[in-house]
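By written order: A, B and C. Residues from 1 in each chain.
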Amino acid sequence: MDQQIDAVRMGWLPFYPQFNENPIEVIRRAEQEGAKTEAEIKDWVVTQIKNRRLRFAVEDPDASENWPRVWIIWRANAILSSAKGHEFFLKHYLGTHDNSIAEEVAKGSVQEALWREPARKGKMDLVVDLNFRMDTSALYSDIVLPSATWYEKDDLNTTDLHSYIHPLSAAVPPCWESKTDWEIFKALAAKVSALSPRQFPVPFRDIVATPLLHDTVDDLAQPGVKGWYRGECEPVPGKTMPHLSVVERDYASLYHKFCSLGPRFKEEGVEERGIHIPIGDLYDRFAASAPKYEWDGREYPSLVEAIDAANTILRFGPETNGEMAYRSFEARERETGLKLTDLARDNRGIHYDFETLKAQPRRILTNACWSGITNGGRPYSSYCQNIERLVPWRTLTGRQHLYLDHEAYLAFGENLPTFKPRITAEASLNLADSRAEGECLMLNCLTPHGKWHIHSTYSDDLRMLTLSRGIEPFWLNDKDAARIGVRDNDWVEAYNDNGVIVTRAVVSARIPAGVSLFYHAPERSIAFPKSPLRRNRRGGGTNSVTRLRLKPVLMAGGYGQHCYRFNDYGPAASDRDTYVLVRKLPGKPQW
Amino acid sequence: MNVRVQVSMVFHLDKCIGCHTCSLACKNLWTSRPGAEYMWWNNVETKPGTGYPTLYEDQEEYRGGWEVKDGELRLKLNTRAGELLNIAYNPRLPALDDYYEPWTYTYGDLIDGPQQEDQPVFKPVSLVTGKEMEIEAGPNWDDDLGGSGIYAANDPNLSSLSGEQRQQLLNVERVVFFYLPRICNHCVNPSCVAACPAGAIYKRGEDGIVLVSQEKCMGWRMCVSGCPYKKVYYNWETGKSEKCILCYPRLETGQAPACMHSCVGRIRYLGVLLYDADRIHDTAARPDHELVDAQREMILDPFDPEVVRQARADGVAEHVIESARKSPVFRFVKKWKIALPLHPEFRTLPMLFYVPPLLPVTGSMSEEGLYETSSDFFSSLESARLPIRYMANLFSAGDDEQVTKIYRKLMAGRYYKRAQTVGDVDSGKIAQMLAEAQTTAGELEEIYELTSLAGFDERFVIPPFSREAAIELVQITQSRQEGGGMGFVHEPRRGL
Amino acid sequence: MQDFFFIAFPYIALTLAVCVGLYRYFSHRFTYSSLSSQLLEKRQLFWGSVPWHYGITLILIAHLLPWIFPGAARTVLGNQTRLAVLELTGIALGLYCVFGIAALITRRLPNDSRARAVTSPMDWILLLVLAYQVLSGVGIALFERWGAAWYLSTAVPWLRSLASLRPDAATVTGLPVFIQSHFISGFVVILLFPFTRLVHVFAIPLEYLWRPYQVVIWNRDPQLPQLPVLHQIAASPRPIPLNPSEVQRRQLLTRLGVLVGGISAAIVGIPSLAFLLGLRKVPEVWRSLGAADSFQIGQTVEVSFLDSTPLPWSGVTAKTAAWLRREGPEQFVAFSINCTHLGCPVRWLPNANLFMCPCHGGVFYKDGTVASGPPPKPLATYPVRLRDGMVEILTTPLPITTV
């Protein structure tokens, strides 16, 4: 926790809420005290921060002004399969039933975070879920906005390794009350716009802190780790602390802005992976032929329909517009001094639009924002441009690194990747408070990705459940199972301090002794019975026996390739390697 | 010689990844109806394992297929009179629990459940009775189990292995499994047809597809026992038997069967084989160790002018003969001889052939700590995780040499290609392997092409079906155009 | 009322059975199935289906044969030992059926049983009717014994009269209601036939015994050269099946089927037709019983004489018996040997001066009137005459029973 606080203060990581005060209020106070221009405001804020009159929210996470209150979940099963430590989410975020018995251990050991007792529960005021799978997140949300499935809407889909771009197009309209995601967000924007004049009669300013970003000059921000809060240096936004930006908010126009492609896009062009591509002429050409949206006396390309948004992306993506791909290489050439535009020359005239993709999915075009070369039918493989065309790697030295000399890595002894033995059960602290009840066995519990499970067809539909065990089973080694009197298909209870799983066992010699598997990630709604061990509450899913663990070295930033980027670089999800006690379920299962 | 045409299949087991997409394609298309939900016309089994229905391969118990008694080919199930005497109760019929009791879930409980302290769940209910049930069996219960002391250990094909060999299969270092996808084999000597007292099951002359007439079927359910592969299923709702139809409505319009089209691993091949119908009885009555070769001999060469002449005389259409020449199945089965029928000892002459999987070998650590296999390329066959005898029990009526021959050729192909692409095998050794495997570089290249690179149209060579002949039997097309399709006039609903 | 149940209802049942059955066969063939539920539940089915089917098949045959061959039946039943054995076998088979049908019903009763899930309302109706049929059958066998014998005198004539289209319920209208209900419910079963799974009875695949194992169906005769389409249509608007060897087989089978069918039809049809057309008169023949003086006055003796129209194979059954008494030098009286209750042959007990029926304890005085027991009417009498010192008795083809 302390490391995370340092990381936020130094600008390595974002955190929301940002400050212990409403940023709108912060601006107001700044203005009251005479700061008017953006620069003045930023200076004022920096001073407040330096003098500790304005604090980062992360420093006192249990203070009621510092919790997040509204959670909008979109395209993720955030409450279960993504929530390592699901039972703790239930306890602290939702304030509902939970099966954990873990005791608080942080007291006395944190120095930067403010320790408050008792730990706060039920922090969320509102959980909204845009969901078509109707998974556990939907079950636990306050409001579910049913969203359309893949064949009920216009959308785009791709991943780099797949190297094709697919359209999703509506075979049927969204069923019942569901809407496409685009429609949902547009409707939300419309409502916010309609309601906001009451709160904000005129546009207002907001201060936003953003972390140091990879592929920008921020990569060179911190040659050494220095904490301004320890007096080791001055707090300088974008250098030793997060960037600060003053943003004008005009919520009343939010809907219009949602529906139109704005002028700043034309001015600023496309920025990706450190490449800047100017698009002025392309924007004009696009604007001339695209559907129009008019507001405030001006005309813009329309983004009212999802298909318009899709076409906009396709027009300005270097992956799907040969001209943009060519320009991306021009930008890379300027940067590196290499000759690279030949890679995009043959495709320069190609441009995909949504109708083209509906006729047939297309290959993404070789471009400088991605590192593969897919010309001539080559499969996509990362880093081909770096290896074959000597484009520098996006690291500190421009080469591949095995040794990482960030001071944080050095401090933790992780500068060179060497073998580290698996953490022991005791050290994992998963079984500090759990006791063996009856004939029990302690097992390492792994939650691998199974076939038909997450990232693939979901295994909790009737077909997949019929082709397996009709429930998500718990896999045990045959000798281990014999030791606790468990036969194949018997009910078992697997528990630790974090929570409990109750399901049926699969017994096989192909599971190594001492190991158990519970594939990631079934929904909690599949026929799991109650756990007599945990106050007769229902057993949970894979993340009921895990907890969230942050790895400090992954927070390191401000130094070469160690720099935050959304969905690209930052603390990864901790692995779901845990320890449990397993016993045969006493009596008959209760539902 | 009496030349007939058979639409045949090859499944390449090295490529099957056990994803079950094939099962779902068939299930969603044909068998998601009341009475049929427990049927999986296409299913995928984990072997070693007990299969679906459980232990179906044990013909001492189920008595499917044929046997030779006093030189005569007889249905194992019973004599004709014996079957009629058992018509009220078939003692060899598998019970639903040998398949599994199909279920669904009370999904509505998630929405309609009462307010409670805990979250709601959906529970399994039987699709037969509608009541809550415990799930104790499924169509793929031992999926990926490999080392199960209950399922894998009881695989009937392990019967001729020694106790020690069977014990070794349960060691985690030796645990091995592969997938065996199965559909109806559309046999040339089908025992399901023979076992049906009403004569409701028939084989189509023009293409060999075996079908159950839903009108003639009276629900005597002898066919279920007759089939040793248990690929005829009784629909408990309509009182009729059903089976894989090889997606003949798709085939008749030039499309591959759904299971084949959807196969992710691209393991499936389809094409016609010409065979000599006069030899059926003879071939099926041969002693066990001659069955595989005899079936191969029964299959005819579409390039042989003698065969072509006879085929024309027997009414085989010209474009079907052409299709037979392009058939990938012919190449796997007859030309390269690397595909074998499943359980030929059942004597039904199945026309679905398998290329046996090359399974991982148990390697060893050298003194330098390097992982290696032997330098004698084929000795690894002895250290294969599954004894060759197991594969032989599946595919060659226990004849190890049939399987070993195929393995030698497949391994020769692997090493040959490795020499080409990686270059760390000496050409002298390659020549030696080719000689031992009795193959040539040219043949190995062809095998590689068809196995690894063949596109959709090379894998599925669907003969033209000439539906006009069948249509004209029931319609005078000169005076009446665009009539309704063939099929049921009445909805197929269960009798009173 | 009686007319409805014994004359109209059987014809209604039979007509519906045939017509609806045929309609269902040709237009709704999909619904023809035994609807076996063995897959879903087999243990209780075994204890139900095997006894039921074996039992009822044999019982049905036992009911059918006397109806078709009453003469032969009488031969077999004339012998007391054979009669007893048959009666016992019949009861055993009946109990077998009761046991079977009970299992067939109880296996479908539990609310969560799989068999119940596939039990339709018609199935319940059928099961109940069949249960009643066998229960009443066993009941009759136990409480009105020797049905093997009196069946010939009561139901058989009535059924034959129905078949010959000159319905006459006389032989059954006097029977106890309990027995009548068994006859009526039998026709209820026939009525139910086309509306239930009973259709499977008429699809029993006897042809499986000689059918070749393999069945191959072609869209065209592969032996024909590829004819232009027009010719093929002109040649046959139906599917041309099979290749030559299979054609021969099919022809043989067709011929065989026609032959067997023809014979069956003839057996049933010709007599009915003949009767209808009045070709068969009811002959009345005077048979000699012997010299008058061979009979002592006051003595009642059993006499036997030939039927008026003995059939070549009747053998012993061509003989009919009667009780003859010489009451005076010229007066003879001949009593029918059949008890008027259900037709069992009565015995004359000289010491008691009574006729006694061994079946159900009917007793008649020497003049034939009822002394006690179930018989409703006095013993019938035959006309007797003297001719040239010979006693002669007037025969009819069937023994006289109740009227």
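Quick note on the criterion: contacts are C-beta pairs under 8 Å (C-beta built on N, C-alpha and C of every residue); 3 or more make two chains touch, one makes a residue touch a chain.
Source: prediction; values computed, not measured.
On a Cα centroid basis, the chain most remote from chain A in this structure is C.
Among all pairs of chains, B-C has the largest number of C-beta pairs in contact.
Compare each chain's C-alpha centroid with the centroid of every protein C-alpha atom shown, and the nearest one belongs to B. Look at where the CA atoms of chain B average out and do the same for chain C: the two points lie 52 Å apart.
Note on chain placement: the centre of chain A and the centre of chain B lie 45 Å apart, centres being C-alpha means.
Inter-chain spacing, taken between the CA centroids of chain A and chain C, is 84 Å. Within chain A, not a single residue touches two or more of the remaining chains. Chain C makes touch with chain B in their complex at residues 27-40, 42, 45-46, 49-50, 52-54, 111-114, 116-118, 120, 122, 195-197, 199-200, 203-209, 211, 213-220, 222-226, 229-230, 232-233, 237-240. Put simply, chain B touches chain C in their complex at residues 75, 80-81, 83-84, 87-90, 93-96, 101, 126, 128-131, 189-190, 193-194, 197-199, 201-206, 214-221, 224, 234, 236-240, 314-315, 317, 468-470, 472-474, 476-478, 488, 490, 492-496.
Taken in their complex, chain B has these residues touching chain A: 18-20, 23-24, 27-28, 102-105, 110, 117-124, 135-136, 138-141, 143-151, 170-172, 175, 177. Remark: chain A residues 97, 134, 139-140, 451-452, 462-463, 465-471, 477-478, 488-489, 504, 506-513, 524-528, 530, 537-538, 591 touch chain B in the complex.
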